[in-house]
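Please find the structures below.
Next come two complexes, and both contain chain A; in the first it sits with chain B, in the second with chain C.
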Partner chain A sequence: MSLAGDIETVLFSGVRLAAPLAFAACGEYLAERAGTLNISVEAMMLGAAFGAVAVAGLTGSGLAGLLAGILIGALIGLVHGVLAHGLTVNTFVVGLVLNALVLGLTSYLIATATPLSRPPERWPLLSLLVIIPSTWWLVDRSRWGLELRAAGENPQAAAMTGIRVNLRRRQALLWCGALSGLGGAYLAVGEVGSFNQNMTAGRGYLVIAAVIFGGWRLARTLVGCALFGLADALRLALPALGVTVNSQLLISAPYLLALLAMLLFASRHNQPHALGRPSPRSGV
Partner chain B sequence: MIRTVAALVVALALSSLLITVTGGSPPAALQALVRGSLGDATAVSLTLLYAAPLLLIAVGACVSARAGVFNIGQEGQVLIGALAGAAVGLRLAVPGPALVVVVLLASALAAGLWAWLSSLMHRLRGVDIVVSTLLMAFLAQQVVAFAVNTPWLLQESRLGRATVLPQTNKLPADALLGSIGHYPGLQINAGLLIAAVPAILVAVVLARTRWGFRITMLGLNPLAAQHSGVRVGALSGVALAISGALAGLAGAVLLTSPLSTNRLQPGTSLGIGWDGLLVALVARNRPLLAIPVAGLFAVLRSGGSFLAATGVPSYLVDVVKALLVLAFVAPPALKRWSSA
Partner chain C sequence: MSALTLRAVSKRYGTVIACDGVDLDIDPGEIHGLLGENGAGKSTLMRILFGLETRDAGTVLRDGEPVRIAGPQDAAALGLGMVHQHFSLIDPLPVWENIILGDTGRIRRAAARAEILAIARRYGLPIDPLAIVGTLSAGERQRVELIKCLRRDPGVLILDEPTSVLTRAESAELFAVLRRVVRSERRAVVLISHKLAEITAATDRVTVLRRGRVVFRSATRDTDVVELARQMVGRDVSLGAEAAALGLLPTGPGTVPDVARQPAMRLRGLVVRPFLNGVDLDVRPGEITGLYGAEGNGQTVLGDVLSGLVVPDTGIVELGGVPVALKRPGALHRAGLGIVPEDRHRAGVVLDLSVAANLVMKDPVVNRRRLRRTAERLAEEFGIVGASLDAPLRTLSGGNQQRVVLARELSAHTKVLVVAQPSHGLDVGAAEDLYARLRSCARDGVAVLLISTEIEEVLGLTDRIAVIASGRIAGELRTADATTERLGLLVGGVAR
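This part shows the complex of A and B:
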């Protein structure tokens, strides 16, 4: 194959690997701007991937599968929101537990069920064209987004002006769940066509790294997703092209880049000031 | 208390429901779990083997959490500890049983430093510690994968074989942890002692010493701690390093006890770093309480492999673990909520 052909192959597979990340990154961006450093994005993607394949297999419709994925992701977002911003359980504890629970549950269920598989369908990719601009508009231009960002920057001041901080954070998590769910569902129904145990394999953490790498700006976050997708594509493609490459370096690139971005550009970053910190209950 | 018991009942009911729905029998599953973990001397030996690293990680997590520093990168710290232990055990010519001591120390030191880096990044550039410990856990996995895939680092010697696996050579016998005492059939690995001592020590230090008081004060109110003369940055760094060091020690125990093949592999940590963190959550950051909880989680691990024989996938124990944590974490929050 020609060099141009090789590059084309790698680019295409990079886009396909980046797409599930991009859906979830929109959601994670939204949740983090509202002040929740949401690590249950892994659970949202994995649970949705499972639900999407199950429903798509039963109904024979990819669309139904995607909707199921969105619902499951949103449900996990709802549970996270109620526990962390209703009952004030530490948000990282909630995230860890949800990740462990969903990983265990989906592994258990797939081991007791007959695996379903169906041809992948890539059309949902197009919905990114709507989701990305509307996420930007919602967070950076709408009244709701302004309140959301206030909840992430200074919950006390926000509560003082009458913003229901914890409600906004719960709503942000709900959106995050729906979008991450769509990402997981797209991975399962759109790209792979089946579900296997732990199929997201840490993609949720990649999404978190992308938001950090992007300095809490949507456009740069998506650039991060594209880079991470490309690194993955290179790792998969280069050995076949006869190029020896350090696969460990390519796998760890996203985490290294996120850490470096935080170390080098911390002062120019847009990190919400109250990220990861709970809001007082008066802000319900 | 009543809420916690109620939550536990709900957790167990949900687990039973899950088994029933997927066509299994909850009593049979429970029986298999118990038989596989406590049924005979061999089973008990395995359970105790698992308990040691779980306890070490949980006690470390208690130290940092009590200081108000949330470390969630234990899985990586375990691996870095095992990596340092393997490097020292294979490369250093220390005579006799002193080798295992050096291996343990090297593991604790390396993982402590690795965790401390997160504290450094926080102090220099304000990098969030939860985020950096998490990201560095994934880095650690690749560091270990690189080391065991690279012939000039730690990959096993070729010795004329056509293929070499991504693992190190077997550690010399002097670098391994043996059993303590002689009991018929029962093996109690020295790792258990290595885990029990820090658990008790940390409990005493936190409860009875000035240093422990400072840690607790730092966790409860950093501002008040600072005004009463605690060097906040330095002390939280030390707490994080201790937590990492204990996780690293757990890595060394995994590497040098019969839980592994005594070769460093990318999967040497067995996911125990994540589990140990859950143990600390259930024990609500109390080191002494972590002892029975680590025992319970060890029972779930060793019994889990016996589940498959009853037709219930062993992943059930992962669901049970997560539900257990929820049952212990949600009720206090519910209480705060209803009294607010």
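This part shows the complex of A and C:
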């Protein structure tokens, strides 16, 4: 194969590997603007990947699989929201528990998700063309988004103004869950065509890294996703191109790149001031 | 009929009674002063009115009708508008987004901005709707709060300590707007304050709260500051430091300064672009030097420099004739400089650590028993009263927190003490105590620098006043020669 052909292949698979990240990143971006540093995005993607394959296998419809993924992601978002912004359990504890729980559950039930016999379906990629602008509009232009941002920047002041901070944060997590679910489902049904144990393998954390890398701006967050997707593609392509590197080591490449990129480019300038901080009591 | 009536409103937190059967009538077309020390129950009362707290007993009537207020939205629907003591604005958002926050329905950007400009013009509150709130001065932020409030066309406007961060001119501007709101638009205004001068100058009627009860009410013209002070504190108030604390006029010069003495601290050509543009200042032992100026003229940054938080671009700080290596953390402290910073929560204390830990934080000794003894001695010496030395500092009142900082910063080798806006958030009693301690410090030969935006405080406490404007010392004069007018001119950069 020619060099140009190689590059083209890598770029193309980079975009495809970036897509699941981009879906989830739109959700995570919105949740973080509302003040939740949502680490259960990993659970949302993994749970959705599992559910999507199971349902797609059962019904024979990729679309049904995707919808199941969205629902499972949203469900995890709901649980996270109720625990963290209803019962005020520490959001990181909730996230860690959910991640461990979903990893365990999907591993246990793995037999229910048989590999699909149908070719991967890439059309859901197109929905990004709607999801990205609408995420931007929701956050930066809608009243709902203004209230989300207020909740993320200064929950006390927002509550004083009569905004139901925790409700907004729960809603943001729901949205985040649905989009992360779509991302996970697309990974499983749209790209791989089967479910493997721990198949997201930390992609949820990459999404969080992308939001931080993007300095809590949507466009830069998506650039981060593209970068990490590309690194992943390169990792997969290197052996085929005849470069031999320890494969275990290569797996960590996107994560190392994430670390490096954040070191060089991340800015905290736009970080929501109340990110990860619970709302005061009056802000129910 | 009263615009707003409270009947026997009570609220207790555990064993503390914050409000005890409070009756209050607010009429349309009046500015009603609500006077009381910190902790007298003023703020609790207002939080109840805004549905941020639920009352234990009593009724609230709006235009004679009993109403239920479960949250800020209910209060807004009833035409109650509030300008909060601690600003309720969201810094990273622009002015217009802050103002429309809390509305419902679609956002119409252009219309919202036009409306804001129209209100700003009508009330003479100039503001740029696109400016980011975090970049505004305290006075401008308050304008935003006012516009946010007035835009909802409230029948009753409640202002909680509105002038605590404002300069004289900004306060005057505020009261002009309020008078207009009351006289020509027949709204009712409640002015919550602990500053007597403000209450007597701006209100029509006044109600005094003490320990949760109404202890006095009168038409403002039928009473005077001495009577109000007595009612508020519950005993006779002497002149001097207390009068200054109460916002009364100053009572003549303090001690006669000894100019011949060598300055304990010299600032030479301090530049922190763009905030400080070459500050020269001497602070002499045994004196209280005041640094007075309108907020946002560089005094905060100067405080940060003297805290060691900001390293100046150029310039030197000399303590006892020796320049201090400002880049080295803690160098100022080791050279004998103590500082009570402007925002003690940000830079003065760690709220979640114990009182004892906060007291000995800068002590190099790590022996627990000795630290404990030091903490106990300081608490005793500085009259720090609270639950216990092991309780988190958060549990202490503002006055006691301030005493903790002062106690820590005033060790045996402190030659220079810098106090920035020390009376912010303190009640009269605590401020009095603080002033007495600063005076006794100066008497003991410490050089005290008081950074303040409160003219009464500066006039009442200092021996010498330097005025800072646009990051420079605009002029320096002896307090005995200072008048409000002269200081005002310097602050405005009019005269040298």
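Methods note: the second predicted complex is superposed on the first by the 250 of 284 C-alpha atoms of A that agree within 3 Å, B and C clash if a C-alpha of one lies under 4 Å from a C-alpha of the other, contacts with A are read in each partner's own complex, and residues count from 1 in each chain.
As a working rule, contacts are C-beta pairs under 8 Å (C-beta built on N, C-alpha and C of every residue); 3 or more make two chains touch, one makes a residue touch a chain.
Just so it is clear, the structure is predicted and the values come from calculations on it, not from any experiment.
In the superposed pair of complexes, A:246 makes contact with chain B only, with no contact to chain C. Touch criterion met: A:146 reaches chain C, while chain B stays clear of it.
Looking at the shared chain after the overlay, A:277 reaches neither chain B nor chain C. After overlaying the two complexes on the shared chain, residue contacts for A:122 are found with neither chain B nor chain C.
In the overlay built on the shared chain, the residue A:161 is in contact with chain C alone; chain B does not reach it. When chain B and chain C are set side by side, the one touching more residues of chain A is B. Across the complex, chain B meets chain A through its residues 18, 22-23, 70, 72, 121, 124-128, 130-132, 134-136, 138-139, 142-143, 145-146, 149, 274, 277-278, 281, 313, 315-323, 325-326, 329-330, 333-334, 336-337, 340. Contact residues of chain C toward chain A in the complex are 50, 52, 71-73, 76, 84, 87-93, 97, 100-107. Against chain C, the residues of chain A that register as touching in their complex are 141-143, 146-147, 149-150, 153-154, 156-163, 270, 273, 282. Against chain B, the residues of chain A that register as touching in their complex are 37, 39, 83, 86-90, 92-93, 96-98, 100-101, 103-105, 107-109, 111-112, 202, 205, 208-209, 212, 246, 248-249, 251-252, 255-256, 258-259, 262-263, 266, 275-276, 281.
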